[in-house]
Each structure stands twice: as C-alpha cells, then as structure tokens.
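Following are the structures in question.
Heads up, the next two complexes both have chain A, just with different partners, chain B and then chain C.
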Partner chain A sequence: MTIDAADTIDEATILNGTDIVRIQNLSVSYLSGKRQVDVLKDVTLQLRRGHVLGLVGESGSGKSTLASALLGSLRSTSFVSNGSVHVAGQDVFALAPRALRRLRTAEVAMVPQNAGNALTPTMKIGEQIAEVLHHLKGNKAAQRARAEELLRLVRLPNPGPALDRYPHQFSGGQQQRIGIAMALAANPSLLVLDEPTTGLDVVTQAAILDLLMELQETMGMSMVMVSHDLGVIDKMCTDIALLRKGAVVESGMTRSVLAQPQHAYTRGLIDSVPRIDTPGIPPGMDQAAIDAGTVREGAVELYIRTPPTKAKPVLSVRDLTIDYRRKPVPGTGPTVQDVSFEVNAGEIVALVGESGSGKSTIANAIAGLQKSEGGQMSLTGSGDESANHLRGGGNLARTVSSRPKSLRQAVQLIFQNADTSLNPRHSVRTAIARPLKLFGVKGATVERALEEVELPASFAKRLPGQLSGGQRQRVGIARAIAAGPSLVLADEVVSALDVSVQSSILRLMDTLSRDKDIGFLFITHDLAVVRSIADRVVVLYLGRIVEDGTVEEIFSDTSHPYTRLLLDSVIELGDDHKAKAQAVRDEIPDAPPELGCPFASRCPIVRDVCRTVVPPTIQVSDTHNIECHADVSELRPSIPAL
Partner chain B sequence: MSAMTTTAPARKRSEPKAPSSLGRAVRSILKSRAATLGFALVIVNIAVAVLAPVLTAYDPIATDAMSALQESSAAHLLGTDALGRDTLTRTLFGGQYALAISFTATGLTVLLGSVIAGIAAYRGGIVDDIITRVLDSVLAVPAILSMLVVVTIFGTGPWVIILAVVVVFTGGVTRIVRAAAMDVMPKDFITAAKARGEGMFSILFREVFPNVLDIILVEFAMRASWVVLLISSLSFLGFGASPPTPDWGLMVAENRNLMAVVPMATLSPIAALASLIVGLNLAADGLAKSFGIDRMKEVLG
Partner chain C sequence: MVTFFAKRLGWSVFTVLLATVLVFSAIQSLPGDAATQLLGQNATPSAVATMRQQLGLDEPPVSRFFTWLGKALHGDFGNSLVGGGSVAGEVGSALVNTSLLAGITIVIGILLSLVLGLVAGLTRDRWPDISISTLALVGMSVPEFVVATVLVLLFSIYIPIFPAVVIAGQNASLSDLLPSVWLPAGALICVLAAYIIRMMRTSVIDVMDSEFVRTAILKGNSTSRVVFKHLLPSAMLPTLNVIAMNIAWLVGGVVVVESIFNYPGVGTLMIRSVQTRDLPTILLITVMSALTYVVCNLLADFAAFLLNPRLRYPRSSK
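Presenting the complex of A and B:
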C-alpha cells in the first residue's frame, strides 16, 4: 500500500514537469553460472527537464548499461534485479511492449557511438530517415521533406541531394550528424548519447558538440551523455554522475563536482587527464588508494620526459610523395606530397592532423604496406646494441615483400585498437613468439618481452579475450619490441584506452624509447597526449607538412593557422567553453588542391597568393618551421592564448 | 627505472582457466537434443561402417542361391536379396563406400575451397574478381549435371567421383569462407603479419583460418550431407559403386524391382541413408548454432 502511495506522489511530481529521468535504487545483474553479478548497483539519479547529465567512468563501469536502461533496453542476459527507471513519468521496465515502443519513438531517442556502424550500408540516407518517421507513414513526399529538414537542422551540407546518397559517401563526422538527425526525428524530450564523439578528431568533435549544444538549447531537450572524456562532459553537461564498478560514487552539478571532487575516484580521473597547456605525463590511477578512499592532496606530480641529447637519425624521410589516383584529376594533387622529416634514436616524434590528413598513409608507406611514388625513405642502424642485426640500415622505398628481413625487423607497428591487433585464437605466447622465431632474435624470450612491458610471465598462457584493454595494448607493444626494432610506428595507440590506463602506456613508451634507444613515430590527433609525451611534432594537413618543431615550439604562440585551429578545437576540463573562439570548422576537403597551400580553403588569413603558390618556409627557429605565406607576426594570436 | 605504476589488481587475480571454444561448443551441442541426436546418428553410422565385419557373420558379397529372396527370419533378420545375400549385412557394409568417398571428397573440397577463398580474400582486387566470377559460373550449372559430365568423360571409379564432387562443390565452399575471411582481413593482426613480411600462406593458415574454423566446420558437415546424397544418387544411376560392392544407392537400384517380394532389401538401405543424412544435417545445424552462440559471447565479452 505504501508503495502505491509513493508511486502516485512520484508521478504527480513528474507530471508537474520537473524530472525527466528518475532512477531509483536501480540494480542490473546477470547470472554467471549460479552467481549473480551486478553490472549496476543501487543507482539513484534524477535529471531535471532541460538539463544535461554526463555519465563518466572507466570501461566496465556500467555507464553504457545505465544509458541503454533509459530506453528500457538491456543485454539479453541481464535483468533488473532491483529498483526502477522512470522516464517522462513512465516506469520503462514495467511498460508493455507497445507502450515501450511509443516511449522510444516519442520521448527517448538514442545516438549510438559509431553512427557509421549504425547506418545500414545498402540503404540511401533518405530511406533510412523515413523509416523512423512513424507519424508520416505512407506519405512519401512528407517524409522526404521532413528528412531534408532534419538534415538541415544538423547542418549537413546539401541536405537535398544527400538524401539519395549512401552512408559510405559521408565522412565520419557527417555520419554522426545523420545519426543525430535520425534521433531527432520525433522531437524526443530526452536524447541519450553514447560516446557521441569518441573516434572523431578534435575539429570534428568540436563541431558536433557545438551542434548538440545548440540543438539542446533551441529545442529545450534533456540529454544524457555517456563519455570518458572529462573535457567533453565539462563543456556539455549541467549535471554529472561518476560511475565506478556499477555504482555512482559521486554526482552533482558538473562545475562544482569537477572543481572540488569529494571522491578519490573523481580526483584520480581528473588527475589522469593530460593537459594541453602543461607538459608531462600525468600519474596513473592508484586503484588501491581509491578503494581505501584516500583523496590525494596537493598538486599533481607530472612526469616530464627528457628528450634524447644527441641527434642520431634512425628514420629519414625526404620528399615522400604518395598518390592514390590512378590518373591525375584536374584541380587535385597527390595524397601525400613532399613530406620530409626525421626520427632520431630514442626520440618520440608525433605526427598530428585531422582524419584524412594522411598520417596513417605515411606510416603505412614507412611500414612498406603502401607504395610510394617519389622521394626517399631510409633507415639507419641505431645504437650499438642493435648494430648486430642491422648494419647500415636500408632503403624503405620498396614495399614489405621486397625488403630484406633485417629491415622488416627494424620497423615494427603498434596499433590503435588492441582488440583487433591480436589474433583472438592465439595465446599471448604464440603472438610474441612469432616475431622472435621469424627474425631469429637471439637471447630473447617471451617472458623477457612480457617483463619489458611490465606484465607477469604467467600471462603468456592467456588468450587476448582474457586480458583488459590496457593489458592487450601492452602485449601488442611486447610483440613489436620483441623483434628488436630501431623504429616503432605507433598509430593512435592510446586513444581507445581509458585515461587512467593511458598514462601508464605513455610512460611505458617513454621507458622503452630511452632504455632501448628506439625511435617512435607517434600518430595521433590528441594534442594533449602529444604535449605530454612527444619530443618533436610534425603537423600534417592533406598530406603536406604545414608546421614542424619541438613540442614546446608547436604549443607556443607562433603557429600555422591550421595548428591554431587544432589547438582551439581541443576541449579541456576547466576551459571557459563559451568564451573559446569559434574557429573555422568546415570539414577537411576530400582531396588536396593541385596548387598553392593545402589549407587555403579553410584559412582565416588566406590571401590570393595562397591559392596558386606553394607557401614558403618560415624559419621561426633552427628547429621550428612553418609553411605559410603570411608574416610571422600574423601567426601570433591577437589575443594571447587562453 | 621504476617510474611506472604497476597494474596491481590484474596481477593478483587468480589465473582463469583458458576456456577452449571447442569445450564450449561440445557443451552447447550436448544441451541441444537435436544436435546430440544428429551427432549420435553420424557417429553410429561411422562406427557401423568401420565395425561391419565384426558385427555380422555373413559375407556381404558371396552369393547363396539356396537362400534367395527370403523374408525376415532368425537367420536373416532383414531377409535376403535375389542373390541370397543377407540384407542386414549388406546394409551394415553399405555405408563404407558412401562414407569413405564422401568424407574424403568433402574434406578435399573444403580444404581447396578454403584455400581459394583465402587467396581471393587476401589478394582482393582483380584476383578476387576472377576467382569469384569463375566459381559463380561453375555454381550456375546444376550439381548432378556437372557430375554426370565428369563421370562420362573420365569414366567411373572412386577418384573420378571425388574429382567430380570437388569440381561441383568447391564454388559454394569458397563463397562462404571468402565472406568470412574478408571480415578477418582488415584486422590489425593481419596488418602486423604483413608488416613482418609473412607470406600469404603463412598468414592464411596462421592468422585467418583459425578465425574462420567454425564456419569451415559447419561447411564441412553441411556439404557432407549433400555429398553423401549425391554419391548415393550416382551409385543408384550406375555411375558410382559397381556390383557386387555393398552400397546403399546400388542396393536400392538392384532391389527396387523386388519391392513387392522383399521390401526390406530396398527399405533398409534407404532408412540407413536417411539416418546418415538427417544426422549430418542436424549436426551441421547444431554446430552452427553452438558456434553462433560462441560468437555472440565473444561480442558481448
């Protein structure tokens, strides 16, 4: 009886329009054998109408489960073991299928993490949007008009013709816009976003977030946003809830929680985030201290890396040109043109740029997986130790099948996605033993390799499925290091990891580069990570270098307009998000221009000469070069950096 | 250089036992009654074929005019045929030919099909186009027709039949395995192997096939049931086993005119054949389902 009474009171308050979401003592569990495992433990949260709630936590903290519970959806093996979820006054887990469908079509909508995977590849965009326009069923013309209106709302260029295109014809950012358009189709009062910008580069991320913020304000929507990025949460969310192991450890107003965290976990997460304005690798998270509840006092101890003192190049790339085009297309140039840079022994060089800037193409060419059209790439033997397997280095112009074994051994790769970098059917031992055997590395064992990446020898027996993301990434690094390389190509190796794990992997790379004199070419779009680990930075735009210099020089006041765009797009914890300059944020063009500066089409200080003449090199210092027609004084911001 | 913080909780965890996907598959098959029945039928059929000489005292080939066309009795449980041979004995022996030929043929087909599929998926581009187009055109011809063509050109004999099966079925296997291999191809561990400079076959057998083994196994079980049926049809038509070999298809052909006199001589090989084919189909379904669940679990973590 009392329960009934409580329910009516709840409903009354909800109908009065204060809370859109009301989660009470929610526990979600699944059975592992006869044991009940809790994915969510006693979660109680409210969200007022028009507010934005950020759900933050490490992977496995239950944040995605909580988000999908708002739509009354759970994994088939999970069940609600306690509590309730009310959305817009309705108990979602008590609803009949028909009512639940009505809730999902009219009240709550979800934007999935990877819109590219969520869109059907064989269906035109227009038809896919029409599918969700239930209220216009049967009226083709009205559906089309509404679909176009939705695409205009999310600022997709040329919304009309876009309706007749297929998902693969759009970039990642555009696909995400389409995903948002579909979610908005029925004017939902609550929008659930699961990591909406993870996997997008900084510029696209900033654009999508600006769009979401604007939509939220104009439509008065409430949003629940899952993210592991505290900067994004800080910018977007009014409310925040931090989850750890399925339980809410701290919640409240975003600004106050992040400014004065009460819980050790919140503190630890904040401390683990690398910052763009301070060099150094943040400390990893001390899970034991968090369990004990000890809140760290005082300033964060950052680890500052010391670059190698002597410059002894391992990799030297001269005028590298790569062309994907079968025949020249008027108005466009080769994918990668005249790229020159060096990587010294023991040095970490970051190659940065948006998606589509040719970073991975260059890495593939160096690895021999991609043919290059012109220029030279060569590898020089590094260190005394490695000289025994690599005498005099070699020419990297040929692809991997025609490279000598010593050269293949000297260049190794680490990948972004630890899930697919290891064969799920091979044990850790098999994975690491293969390069050892193939290259005949003397005196090296699987156990030694595991020790070097700080994993216990007993891990050799495990399959990748039995490892956490960070551990898998370590195994991937062990496999690369086991071969005894002089150059390691690391493609976005930390972007898929939790911040807490990120810093330990960064420190591992630092240790390996110093102890083994390995040169790292670190490919990333995450500038904060670059700041914390790189010694030198090469900024790439549409396959051309626009700026290069030491890490301090790149992050200094004088930069190429494109570098400035990248830096301005970074969303950091504690920024004054509203005041931050709105940069030019159109998308990166599909192909580089045939003539002039590649950045001319987006540059705020563009002049006529930029469209026809390749920009000269401005030598700001011995190590700092900017390719630009502008005067050095123009490359300094009029307002000092925030 | 111990600037690193260690990942302590992970180390403390007790070593989990490696869950073998085979073990999981067996368990999940045993859970399904249909799949268990299917595997039981297949195993019984194989066991009977292998143990036939021990199971019966009669000779499957020697004729005995004195006991021709008998009905069921204590001496001949299923009666005898026109030449006085014990029907039960011939039925027990009758699986040997079909099973041996069809399992060999299916094995070769699946192996060849997988390798071709691997090459197509690995090389991609024009190689892939040529392989798929050629196989598509082979697939367009009805199976029994192309088999009859092969048999007419090369005559009969076990190796010809095996060749015919390989020609007819490789296309189907290739198509399925290629699709699965294409999924594996873009994964980073393949890129890593390519960057190490591993050869194509090394990559296929080390990295690709272990990841599509489930599909290959299901393919084997499904193809085997087709092949058994096809080979028995050939025997029935007189292109397969030749008299006096005890073979189900041949037995049906020999005895169908005497259906009214000794029905068991026709019905028992049919029943045996049916049990094998139903068994193989159920087993294939069970495998597919259990591996399907397997895959789901991997996805869900």
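Presenting the complex of A and C:
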C-alpha cells in the first residue's frame, strides 16, 4: 500500500515536475502494402524542464517524425505502433481532440523549418499571431499590442506596421523571426524547432540562434531542436540524441557526447564536418563500419586538394554589370557592378556571400540565362577543344538562345536542388542522354557518364524518386559533365546534403576538375565547404566584389570587414560559443547604395569617405585584394575587449 | 495594378470585337441569307433581289459590317430582318428570361460545387469524397441534353413536380417563368458543377498538404478556423479561373438547354435567328455573350486580386 502511494507520487512529480518530455519505447510505423515499416524504433528519451535537447541524424533518420510526435501529430498514414509520448504530464496520443488542441495552445509550440512556407500567405502577420493569443480572445486591441510586443521581442524591424503586412513582404530571415514570435505567443513551456535555420545563410542563422538562446534563457523554456548541423546543436543544446534509421544510437549531455562519442555513428558524423580552420575534405561516412560498430581511433585523415599548377584561364569576367531595376531608384546602384574575376582550367573558384549578394545572378549571366548591362565575359577554351569554342568567339555576352552550340556545350550548370531540376518522370538514362545527343558528344555513353560520378550502370533505369539526395546530385553532375564542358557552374550543390554525403560529392568534384581539367565556379554560403575544396575565393557583397584571393589568404588574419562578419558568424563544433563576438548582425539591405562602399551600412569601422567614394583596392599580395578605405592594420581581428 | 486592369480591359474590348467579326463571317459563309429564308425555296430570283435591297443585304459584307459596328457603338443595334421590331427590345426581353435561368444556375451551382469540392477535399479518399467525386465524373462525361432528358423523366414524368417544357412565351413575367426554370437550371448546374467540384477538390487537397495548414493545425486552431481562415482563400485561387471558364461555357450550354425546354431565353432566340439568318439579332446576342465571357474573366481576375495579397502588394513595394 505505502509503496504504491509512494510510486504514484513519484510518477506525478516526474511527469509534472522535473521532466517536460518523456518518450517511452516509442515506435512509429506505416504500412507499405502488408508490411509494417518502422520510422521510429523503440525511442526512449527524457528532457528536464529548462533543458534543450538536440536531435541529430542524417536525413530520413526520423528526426522530424519524433519532433512532431511531441505535438501529437504524425503523417496521416503513420501510426504509433508502441510506446507513449508524455509532454507536461499528458499522454499526447491518448488525448481527445479538444485536449490535444489545448495542449498545442498552452504547452507545446512548433517553429517550422521554413517559415516562408509555414505562414499562411493570405493572412496578415498580426492576425496569424493574434489567433494564438487565446487568453486575450475578444480583445482586439490587447491582442495587437501583444503581437507587436512579440515581434519586437524577436527584433523584427518596425513591428507595428509589420502586423498589417503579409508573409511574402518579408525576407527569409524575417519570416523565421515571425515564425518564432508566433510560436512564443502561446507562452509554451516546450518549444519544438525543426531545422529552424537550415535554409538561412550564416549571418542570419547566427542572429536567429543568438535570439533563441537569449529567449530560452530569459523565459526558462525547454526546447527540442532538430538539426543536422552539429555546430548548431553544440551551441544550443544541453542534451543530445543521435538518431539513425529511426533508433536512438547515443544520447547524453551534448558536450560530453560530442567530445567523447561512444558510438561509431556519432564519431562518423563528427568526422564528416568540414572546418573553417583546417583545410581539406573530411572522409565520408563508412556505413559498414558503423553497422559493425567500430569506433575510429586517432586523428581524422583529411584529403588535401592540390590546386592546378599552371594558370590557363577558361573563364574571364571583366567589369560585369547587371541591373534588375526597370527604372533608376534614387540612392541605389545596379544589382551587380564591375565584377571581374577569372577561372582557370582545373581550378575550383568559390563565389561566396549571403543570399541577396548576387551569386546566382552572376552565375546565370555566365550561363546566358540572364542578360547583362555591361562588361565582358568570355570563355577561352581549354586543351584541344579550344578551337571549337573560338569558333563561337567564346563571347558570353549573348543569352543562351543566341549562343552557338559549342559554347552552350562548354558551359554547364548544376543546380542546388537536384530534385527539382530532374524531371521526375524521366529515367536517369533519359536525363543524361539528352545532352549527349544534343551536343553529339563522340564516344560518350550514359554508362560512362554514370561511372564517372561513381554510380553503377544499373542506375540508368531508375527514376529520380528512387534515388537518395546524394545520388540525385551525382546524376545532376553526370548530366553536366556528359556534355564535355570546360566550365561548370555549381550553384549551392552540396548545401542541401547531409555532411556524410557532402564530402563524397566534394571529392568527386575534386577528381573531375583534375582529371578533365574542368574549371568550376562553386557558389556557396558555407565557408567550411569553401575552405575544404576551393583554390581561390571571391567574396561578394550586394553584387560587388569586396575581397578575393587564394583560399589560404581569405581565411588568413587579414580580411575585409564583410568577410570577417561571415567568418565570425560560422558556428562550429567545439567553439567557445559564449565568447564568440556578437557582431552587428542586422540584415543585408535590399539594394546596393549608389555611391561608396556597399558594406558601409553594416561596417563596424565605417568612416565618412566610405559613404561617397568607391573603396580603393588594397593589394595584400599578388593574389589577395581587399576593397576597403581602412588601413590594412585595421583589417586584422581586434583583440577582444575586456 | 491600374495598368494590369487597363490591359485586361483593352483585351476585353478586343475579344468582344473579335467575336462579332467571327460570328458575322460565319453567318456570311452559311448558304442562303435572310431574304432566301424569308421567301422560301420557291421564290423567284427577282423577288429575292428586291427583298435583299429592302433589307440592305445587297451591300458588300465589309461595308455592312462597318455600318452595323458604327451604329452599334452608338447603341443602335438595328431592327430584326425578320420581325422588323427593334433588336434591342427583342433580345432584351429574352435576356431577362435567360438572366433568371443563368442567375439561378450560377448562384446555386457555384455555391454547391464549392461546398461539395471542399467536403470532398477534406474527406479525401473516404466515402463523402468518393461519392462526390464519382458524381462529378458522371456529370463531366454526360452531355447536357442527356442530363436534361433524365431530369425531365425523373421530375416531370415519374414525379410530376416541374413542367417538362415551358409554355410561357417570350413576354411572360418572371413569376410565370419561375416554376419552369428549375429543370433547365438543374441540367445546367449538373454539368457546370462537375468541373468546379473537381478543381476545388484538387486544390483543397493541395493546400491541405501545405506546410502552412499543418502549422495552423499545430497552433491549436479549431478545424473551422483552419478551413475558413487558412485553407479556403488559397484553395479558392486556382478554382476561380475554372469558375470563370465554366460561366463562359454556360453561354453555350444555355442555348442547348433552353431549346430542349423551349425556354424563352436568348438561347432559343439565337437558334431561331440563325435559322432565319437574322444577322442583327445574332450579332447583338454575340455581343451580349462575349460581354458575359469578358466580364466573368474580369471578375475572376478581380476576385483573385482580392484573395491574393501577393498581387495586391508586390514584394518590391516593401
């Protein structure tokens, strides 16, 4: 009797007191024909109030399923086949619809992965926040005031007028802030975040994470955060759980798990992450070794790429200017202005910058998908094919429809989303055979093209839907390479991939650039990837080059203030996150200024001259240029203030 | 926005003009004209020639068209070649009758199909959806005259609650017509609804799968709020164009259904006028039909504009 009573008390205190989340032996499944497929397998996890749990794993490992299970929500075809989920003492899958709704309005809230898609496009922001404010029901003025307060809390500029705007009128980073404000509106005791910053670039990501961290600390909220980025988890989470194929393979305190991983999977994930402070491509994940459970010992072996020795230009861009404005807007300049750079045969040149900095615009102009207003772009051809390209003059000024075939063949694009750029109804063979036929490539076959990207010939039969993300990206590469190009424009090709797959794609690009002497223009906002693969780097801000140099030079101590902002915003595993300088992280303006330095509105060392005069080029070395009015000595990191 | 609607308006005027040109040439290319039709097969060539002169049919077609156009622009649509009365008066009274039929069809038809489409989309693959979708499929594949015949069999022969054909003449008052409007309207609704239901169902399903509806549910909103505030405006958008297209289709459907039920509307008048080659009447009906089409499309654009903030506030005007 007494024991029973004690048990009951104990249970109650655990459920309502210290643990906000208790997941017990949870299995979630769906039926594929008659067969039951498990998405989650026997997951047991607890989270104490005020703690932050990170869920880490490769895509498809069940992270999102687990996260939404905390809100009592599953995909319509999935069901709980075993176990239970308790949140704030309530068994979420046993709740009646009304009680479940109450749980969602009072206890748990979700910050969606992509707020741009998660905000209702036809409703004003203010109304979308207000509908969560149940305790103020009926009092419009109070709801408005509270909604404005929430927008101010997430540091949205002009929170008052913002209430009457629609989602599409905000930038990606602002939409994410609004998504967070909406989730906070209910004053939840648990905030669930599914990849809250994955689609954002480094600077915005850093700002949003700092904000979340601060809110979590001041409000004492518990959080569950899904991410595939170990750096982000390391910064944000007290606790960590690693998911693989639906099962938790390792869990514990974040710092200790990441410092001394016990499971081969954890080790493998950590080893796959490229770092901004070390050159080289990390090894891919050895899934067989992980299945066998062998934990690697000793240091990681990084692959160091050797840049081509002789400079043989394939692409030369001179003073490129692109203007999207239909009529001149006072105080603003053209979208892209006076951009000049070269790509040599066999070289990988990275074009980096935040979104909105004009990276894709430039790539599209080179590909002939976007017309340019000024400057020259030319392809000089490489190896024995040069005669071929010269026939077309190698002039890239014209758009793709008026370019000679040989020139179209020589410049190929690989897109960010292999899923959307491959026709889902066409087989891999059809996708790759098209350029082969179009350009009449001699002696080339689909099988050969697949072999080149390390895919078995049997893949030719498959449809894009039957491939994993990494395999699709390989097909995208195979299609581009099949044409026999001398220049490949790769737009964010690894951004959407798991780190475990990322490095193998990077290795592949390295091989192709060396074996085939292809020049790559590699567009990305991920500086760690840049460090691991690029030979040279061009840093772009608002359509102007602010710095360029060899990869070592860009990551050296002397940097343009914008490059410094990018570098400081990178969040890495093992950083001293608290000590990292909180840089000025307001957002990139909509349009470049008409005069002076594009970065002047955000620069910490701005001076009067910056607002009127185009900055001069500081030649740090033969290959390293910085466009800035400041003195070189000011471009080195300042000793942190006391 | 102003330029958008100005462009649309210009395009509308062009559409109406084009329709009259096409119909004029089509009637022109038919064998015979009003004179031969009026006088019958046994008329002497000289009688036909005199008749032609009287009716002004001896002028070259192009000049006749422009004369008509010039007058029409001043609101004078001429007199009927057959009855001799003012075309505007005759078409006007038929138009009132047709408006009753079309109005009832459109209001009931659209509301009903939107509701059914919404229900089907929300209950995807369950019995309400399956029954609604099956019915819609039947409605799509059966032509309107078959639907009309079935309706007559059911509701005026087996269960005689509605008259099978309309006895009231052209000048009948609306209250005289009201009892006989339901069967023709029913036939039109059946066919009209099918397409709108299908489109509405598809777009409801699409929007149901969207991230923002999922988020709205996870925010703890009631189902009705999710459906009416979050889902419906977005689901309506693609449906609007289908509605506009179907109302335009209705213009043709009305002709068939009216003549089956002998309903004294524009459709019946149209068929009669084509038989007699009564060009002024046909042209005015054409203008009215084209205007209906154009106005429907303009209304659809305008509704889309109201429903879609992306159109009202383009991103650039931040």
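Note that in this section the second predicted complex is superposed on the first by the 617 of 642 C-alpha atoms of A that agree within 3 Å, B and C clash if a C-alpha of one lies under 4 Å from a C-alpha of the other, contacts with A are read in each partner's own complex, and residues count from 1 in each chain.
Keep in mind that, in the parts below, contacts are C-beta pairs under 8 Å (C-beta built on N, C-alpha and C of every residue); 3 or more make two chains touch, one makes a residue touch a chain.
The structure presented is a predicted model; accordingly, all values stated were derived computationally and were not measured.
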Combined model on chain A where chain B meets chain C, clash or fit: clash
Touching partner for A:Asp590 - first (chain B), second (chain C), both, neither: second
Which superposed partner A:Ala118 touches (first chain B, second chain C, both, neither): second
Chain B versus chain C as contact partner of A:Glu131, first or second or both or neither: second
Partner chain(s) touched by A:Arg102 [first = chain B, second = chain C, both, neither]: second
Contacts of A:Lys405 with chain B and chain C, given as first, second, both or neither: first
Chain B versus chain C as contact partner of A:Leu71, first or second or both or neither: second
Partner touching more residues of chain A, whether chain B or chain C: B
First, second, both or neither for A:Gln466, with chain B first and chain C second: first
Touching partner for A:Met182 - first (chain B), second (chain C), both, neither: second
First (chain B), second (chain C), both or neither touched by A:Leu438: first
Against chain B, colliding segment of chain C, chosen among 61-69, 115-123 or 133-141: 133-141
Intersection of the chain A residues that touch chain B with those that touch chain C: none
Sites on chain A touched by chain B in the complex: 75, 77, 283-284, 286-288, 303, 367-369, 400-401, 403, 405, 408, 411-413, 415-417, 420-427, 431, 434-435, 438-439, 454, 456, 458, 461-463, 465-466, 468, 470-471, 479, 483, 504, 507-508, 510-511, 514-515
Touching residues (chain side chain A, partner chain C) in the complex: 68, 71, 73, 101-106, 109-110, 112, 114, 117-123, 127, 131-132, 134, 165-166, 168-169, 182, 186, 590
Residue numbers on chain C that touch chain A, as the complex places them: 210-222, 225, 229-230, 233-234, 307-310, 313, 315, 318
Residue ranges of chain B touching chain A (in the complex, touch as defined): 1, 3-11, 15-16, 18, 187-189, 191-192, 194-198, 206-207, 210-211, 213, 298, 300-301
